[in-house]
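Chain naming follows the written order as A, B, C and D, and within any one chain the residues start at number 1.
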Amino acid sequence: MKKIMNSASTYVDDVLAGLVLAHPRLALGGSANRVVHRAGGARKGKVGITSGGGSGHLPLFTGYVGQGMLDSCSIGNVFEGPNVESCIDAIKIADGGAGVLRLYGNYGGDRMNFDMAGEFLEGEIETTTVLGTDDVASASPDEGKKRRGVAGIIYAYKIAGAKAEEGADLSAVTATAAKAVAATKTIGLALSPCQVPGSAKPTFEIAADEFELGMGIHGEPGLWRSKLKPADEIVDDMLSRLLEERPAGHGGRVSVLVNSLGATPLEELLIMYRRVAAKLRETGIDIVQPLVGHYATSMEMAGASISLCFLDEELEHLLSAPSGSPFWEVK
Amino acid sequence: MKKIMNSASTYVDDVLAGLVLAHPRLALGGSANRVVHRAGGARKGKVGITSGGGSGHLPLFTGYVGQGMLDSCSIGNVFEGPNVESCIDAIKIADGGAGVLRLYGNYGGDRMNFDMAGEFLEGEIETTTVLGTDDVASASPDEGKKRRGVAGIIYAYKIAGAKAEEGADLSAVTATAAKAVAATKTIGLALSPCQVPGSAKPTFEIAADEFELGMGIHGEPGLWRSKLKPADEIVDDMLSRLLEERPAGHGGRVSVLVNSLGATPLEELLIMYRRVAAKLRETGIDIVQPLVGHYATSMEMAGASISLCFLDEELEHLLSAPSGSPFWEVK
Amino acid sequence: MTGITVHTIRNAVEIANTRMATLEEELNRADSQLGDGDTGVMLSRVLGKFSETDISTSPDVGGALQMLARAAAATTGSSLGTLFMTALLAIGKKTKGMASVPWSDLSDLLQAALEAMIQRGGASLGDKTVLDAIHAVAMATQGVDDQAHIATKASHAADQALISFQGKPCKIGRARMFADKSIGIDDPGMLGFVRLVNALAAGR
Amino acid sequence: MTGITVHTIRNAVEIANTRMATLEEELNRADSQLGDGDTGVMLSRVLGKFSETDISTSPDVGGALQMLARAAAATTGSSLGTLFMTALLAIGKKTKGMASVPWSDLSDLLQAALEAMIQRGGASLGDKTVLDAIHAVAMATQGVDDQAHIATKASHAADQALISFQGKPCKIGRARMFADKSIGIDDPGMLGFVRLVNALAAGR
């Protein structure tokens, strides 16, 4: 796979340098310049929200730093968790004196590092944790806590971010984030792999006429592989898996995210969205604030994911609150 | 190349259906539903601006319909010009009684169709034409009129759109659009091809370790091919070609667009932007409103383009005016 | 001897449309050498649409041609399609109000179409496009006034044009970008015109 | 007989760091079978950083280990790296203020590290990870109090652990997703630990 880059060893730092140059509302900090944060710094008295994860998923995670969303974000090497030091830095930078929520995807390495960072800061900054676990393909519903976090985490960013902006305290922001995670379900499909800079081979192999349902964003195996099918059939399958997890008593309003994993173009996302909209209408569900585009990627991987955020009144209210991150603005 | 689609014959209509569902500010019209226009219709008394072109370049062209930008857009099949009827429809829909500017990329087929549409409407709607000719690789400066239009046309959309919104008349809007086109220079690089839905083979072939400078967005041959080089070297070459065309007396402010041709991820665009910003700073040029992302693509083609819009006071003022298209909002 | 009527056009459409069944693939293949491989598909679509268009309601040749031009306008955005439409409009303008057009006018009408197409597309004679074959047919049929002779001469002239341009480079359209490679290869637009002229001349 | 001092640690770092020159590739290869192929690169980076870290300023073993843990925190975000850091912090806590730690304490210290790593990573003994090799070494060195014997026993136990787990499936980390495929393949974390123990036991 060809990449426009200088070298594998400078890849991440070059990307981050470009990111903050292109988006002056973002700044780079931390002892190793591996924390992206709001240029203005933490707002005194507001609960801070920090996230983090490996590089290679832009605009995740760093692109969602901004007013009404994240306060800071620690970044690791490509597909590697941020190191403990960056996590410590990110928590400190997010802290406005009212505690910090650590809100990130459920991956073993990331969890160890964020936990350890929290322990380092014990007695200094109060922290809580909510893990993104939206990927329905990664474990069965009764093992929901084992599920990994994928694109749907941006709903938790948005919703928890709005809650914090409203002045809620740490426990309320944490509870709202957990509620947003619980309300959001994602399923992805993969068409072709990406390659980690410097690595000699792609993250996985797949035949030229096949796709895999439920594959993870680093190439973790999914539910099944099959010959390519018509888009509508694929979407129907994906949607029915998501709707199986519709919470009891859900009122009938969802936000939908149709997300490219990287190389899959907007055209194909819209073909998918067309079907999603038609099917949800049939099911009597109204779509609020749909998102169709590149929201959480794996560099040049081809594929797409669909996320549904099953809204209630509070979630919908927070979803529509203003936010000023470079990749998800609401005015 | 794998595609998430239903069939080659429904590809474009499925995409457009998804587009207007995802973006309620857009609507689909024209006798064959091949015109995207503002949901509210033309504003009485405002000069209309219409564009158009083949499908497969999203968010170009249709994604730039909106307040302060385009009023309508006719769409052809993938990489084919819109037909004459759609062009007629698009002009009619854009007309608010003050005439319509046809603003589109310089491609033979598109030109024939738009010209013919204008002739069909002679005496009914006053029309003018400005052609996007930003691609410096497609002809030498003294044959500037032969150059094709690529990503840089969005600057003309934005600037002419703002001028029309201010209430300028057709000749003033046309002159401003021409000025914006003249001020904008683009150069692209290609890494790998895309495939037209239904076609048996990709649009071009290129070795696994090569890139081509100046290749067109449909695979038109470029300036030279070489083994991949470090990003900074590539960017330096691209920039020096653009800066060679810096207008005499230019005041030192530019807007920069670093655009993915499709599969190239944001990470790599930011690596490029980092160098662009550094080099322009060295040259004493200030960057205004940089754009880094997917603005004009060729489906899943890998590659990127850099555009510079050499601003003067009027262009900068119009660039920063509010606009409400789904893929380029300014508030 | 009767001239060209709406009925003649209707017949020609049917012959051309039938011919496309086998010609489509040949033209796609020709176009895919250097172009985007859609010449056949496009011509099939346009001629299929013509075949569905009821031109019998038009009292004059010009009106019938205009109806076809409008059908083409709604069916294709390709360069050849738009040039075809241009030709139909140009000839339609000249035959407005004429229920029957003498065969001896054909050469001039083709010449008028040619001028309009050059104006529209910006290509020149000699660029190795459909224009060169049309030009050859217009020249060969000049001063000829019966259908049978016209058929023979047109068919022969078209074939000759195709052969004589094979060794030349394309200078317009997509193929222009690969001018050298285009030597030895038929221009798909020209090939399509020639094959359809052959079919019309043969009456099938 | 002297115990474990800051100097002992410094020596161990040098031996391990030197060993990485050849071990790095072997570990990357092992990790690339089912993981992301970076175990060697990561360990090299961390041990290189350790080698650059001047721990001689620390009067006690605990302080030196904490300095190394902090260096690791700034050098890697990988699971093995963070577990390594966890182990260093756990042992560091137990050896705070001690200028010299008796070799007979080593088994208990490894046991304490193991508990902290299990707590941190959520894996269990038997999952075929670095933990199992550490466990084997801790068991084999229990009650042994001289360095030479510890070296022999540790090295042997580590080798045995590697062999006995070869036929078992991985249950944690990336390789878990390919549990069946992992049979017959060494866990890269375990392999790294075993090779470094061998090197430390051999004094080079």
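Here is the rule we use: contacts are C-beta pairs under 8 Å (C-beta built on N, C-alpha and C of every residue); 3 or more make two chains touch, one makes a residue touch a chain.
In UniProt terms, the chains line up like this: A, B = Dihydroxyacetone kinase DhaK subunit; C, D = Dihydroxyacetone kinase-like protein.
Keep in mind that this is a model prediction, so the values were computed, not measured.
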item: Distance in touch steps, counted as few as possible, from chain B out to chain D; value: 2
item: Farthest chain relative to chain B (centres taken as mean CA coordinates); value: D
item: Chain centre separation (chain A, chain D; CA means) in Å; value: 33
item: Rounded Å distance between chain C and chain D, as computed from the means of their C-alpha atoms; value: 80
item: Rounded Å distance between chain A and chain B, as computed from the means of their C-alpha atoms; value: 30
item: Topology of the chain contact graph, where touching chains are joined (line, ring, star, complete, other); value: line
item: Each pair of chains that touches, named by its two labels; value: A-B, A-D, B-C
item: Footprint of chain A on chain D - complex, ascending; value: 36-38, 70, 72-79, 81-83, 85-86, 120-122, 172-174, 177-178
item: Chain A-facing residues of chain B, complex; value: 2-7, 11, 14-19, 21-22, 55-56, 58-59, 189, 191-192, 208-209, 211, 228, 230-232, 234, 258, 262-274, 277, 290, 292-294, 297, 299-300, 302, 304, 329, 331
item: Complex interface listing, chain A residues touching chain D; value: 31-32, 54, 76-77, 79-86, 88, 108-110, 112-113, 115-116, 196, 199, 218, 220-221
